[in-house]
């Protein structure tokens, strides 16, 4: 795997940003692999993602952000343009926990992709509120943790889950059809670091049983949405969406089957983009640097 | 143009329907061109569309439904299976009125398709609450009727519009981005005979300025929906929907431009399917016999 | 699982077929679950698929086609209309052998779908010319058979493979990215019973390394095709195809990754449709009764 | 319409290009509206498109490339990095000639889009080898030129057509379903300035009657391709492609109808991208800066 650094910038739009950043990188020997930028004309915001090869780069890059190295050298530019800056390095693989309930198609899909090398991360835990997915986790040599969650023990269960996540130094929680709503306390510990898949084209069919809602309404397409989890249910920043055609011939079982394909697609893309530092959140929206 | 008859059947599901109908048609010399059927397993309903060549058919077919001919001969079967029956004949071209406001892309698209022979109908009136579309109507040799509608004269304007529709014996009203909400009285006169295009993937973004709503929410796909108009705004039976991908690079003007493509597609398909008697409405849903 | 019978009919088009078939089924107590028919207007051919619940049906249904039961009773109609007839029963699950080389994404996808109940079949063997897929087969409790195939032993290896298929009474061979070309002798033993996935939108990019060919040509979409295998390479009747958008940003690895999604989709659909007796082949074309 | 300048760069990949270009633009007061770049990792090429507002820019921008102004000031950078440079200005609208035969759906679509403001160009001529499209051209107030072309007068007709194009100072020729093959002499006069639409997913079904070929082959998707015209038929750099699903129910007329939608879409996008200077050709491939 190539050793690259990735810089994500989010600041008010103004002249000279690209010139300053690219001159800085050039001066320190960066061989740029990918660069992309975006201006939100209405909100006057500027977003940039630039990735460069560490081979030949003359500054130390430590994503955890020490006071020397890249951050120190870049501080003047960051201050001048009032930038929010994030720095990642490809060699530091993010650590993932996958949460699942009974439906395991998204889990199986993510584990297979990980196994096949599509996801540059370490999956360190599978968390289930049922034990159905345990053999699948074992096949992929990932520890499985069962937490039977119900109304009475939910707070306690979350406390244990959070302890597990801390112990395993988890960077990203993926809700792979995990059917429990996380409490605000849980969400607050992992801001923009919990990805969920909702089985509808949000904001249509918020809440429970979206395929049933879709079937009742008689829509001609069904959808799925992956998004960051916020305190408000199904309302976080959308990362990816997809739809597929259905017809009157499709009864509920066909909707569910077609929906599974969408869910796998939108969730796995969201996870990959997060891992590759391609997502910038601003307000309720995301920029995806593909 | 081929002279065919089309029979649409809607009844409780039970054994023997297809046998009875196909034996009846065979006995009277029907050469079946297309036949399709659908069972709603949950609601125990049966739907059928069958189209046959009139060449060699031994019964008179009069869609307006006299007491002799097809209807008389078929009455026994219709009664036995408690059928709702609709009979159409391809040589009887439906008469359309197209309503438009300022945005004329759907109107231009429909008129072009009509002119090119894709829509087997007669467009007998273009109705606008602005005069922008008048030259386009004239180019296609369709009378243009302007009704400047505002809050104060809306009821009176609708009365005149309804008079026009009656005078022109209009079978189908198409709201081709007509930005006035029709009153319940108007809608009641043309049940399942008014088709609207809404510029969102319903039921998301009901009401005004759906592209603005979509932009605010940060969705990754935008959509459009064609549907029959009912008393409740944007809530009628959906005929067709389509979505297309957008990204953060797409600001509002790009959303509007991409949306126009969707609107043209879903509206023109809905109109064609209606004209070709391919749509069966039941409850809030539609069966599309394609 | 519901016990249903499915009848597939292929004959010259003429009046009265549907009447005869539906009257026959009604007379013997069939409760029709699905029925679909198709006429090829140009070639004057008629195709039909009808599926009915065995509950209440008064004739024995034996797909292997004894001389009594359904076949005997239906013989008069079949003869009258010069029908080719195929009869299947849902309780008789087809037996599958999956062939694989090194890339195991299609294999993993098929095995997962089978495990999840999407494919109503018995997977009785995984055959590999490499051992990479052995753990995956074992996890799904399917015997794995390795055949190291090279130019010198290919005929002998095929002989052994055919013996295995006979021993296991295999109904359908699925080439899940199996990179060996089967000999005409092999193909001849399983006419319309070997499904392959080709990683291009056929007939574009026949033969080896289609993604490389696509990359060289600078296409804006890549595709995948599932088809029945015939003697002529990549030329058999197409069952399913799909395409996805690529851009200049996609280099070869991205093409391969996007292509894997297509391959999984088109192959798994083809296998499911075959298992559910939804495919009728005529000449080089297929009718898919969905 | 906003007054912007657009710079397209094509050069060997090397460090410092973005820094040099962005510093240059910043120094001369450019307010960058859009910037995008691409590296072909395999061929070691660098491509860039940058667009800036002329308001506040301190250098004269003359696309025809005088020796002073932008070109003079930028010469040092262009030389240093061995750049091929193209400079455009939004206020200089390209002049288009649209060629058509009998099928006028692409022509009608392009003229409507132009009329609606989607295409920032001047359509200065419609050229037809039949007169069918004349009324449409007249409605849009574009001079119509008829050239009845046959085997014997083709060379003479092309000479006249070329004279017309020169007289009208045409920048871009669009073959909107123009069914005559242009001679190498004609093509050579407008390199990368003739856009054609081919009614198949190239490279499948090159040459005549592609929908018939597709129908014979039994494909499950049909496609359309827009491309620059080169000497070799249907072999020029592809600009855009699209496909749509067909089924056995679609006979040739349905293929043609579905194909028309694709043709309109891929041709109008190609024309818009060309007009907005979003296309860079290298070898047989294109970079589309969207």
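Letters A, B, C and D mark the chains as written, and numbering starts fresh at 1 in each.
Simple rule for what comes next: a contact is a pair of C-beta atoms (placed from the backbone, for glycine too) under 8 Å apart; a residue touches a chain by one contact, two chains touch by 3 or more.
Since the model is a prediction, treat every value here as computed from it, not as a measurement.
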Please indicate which chain is farthest from chain D, where distance is taken between mean Cα coordinates of the chains.
C
When contacts are scored as defined above, which chain pair ends up with more C-beta pairs, A-C or A-D?
A-D
With chain centres taken as the means of their Cα atoms, state the distance from chain A to chain B in Å.
42
I'd like the Å distance between the centres of chain A and chain D, where a centre is the mean of that chain's Cα atoms.
38
Note the residues in chain D that touch 2 or more other chains, in rising order.
249
Once bound in the complex, which stretches of chain B touch chain A?
38, 40-42, 47, 201-205, 216-221, 223, 237-243, 247-249, 251-252, 283-288
Hey, which residues of chain A end up touching chain C in the complex?
104-105, 108, 112, 116, 118, 135, 139, 249, 257, 261, 265, 290
Touching residues on chain D, where the partner in the complex is chain A
15-16, 18-19, 22-23, 25-26, 29-37, 39
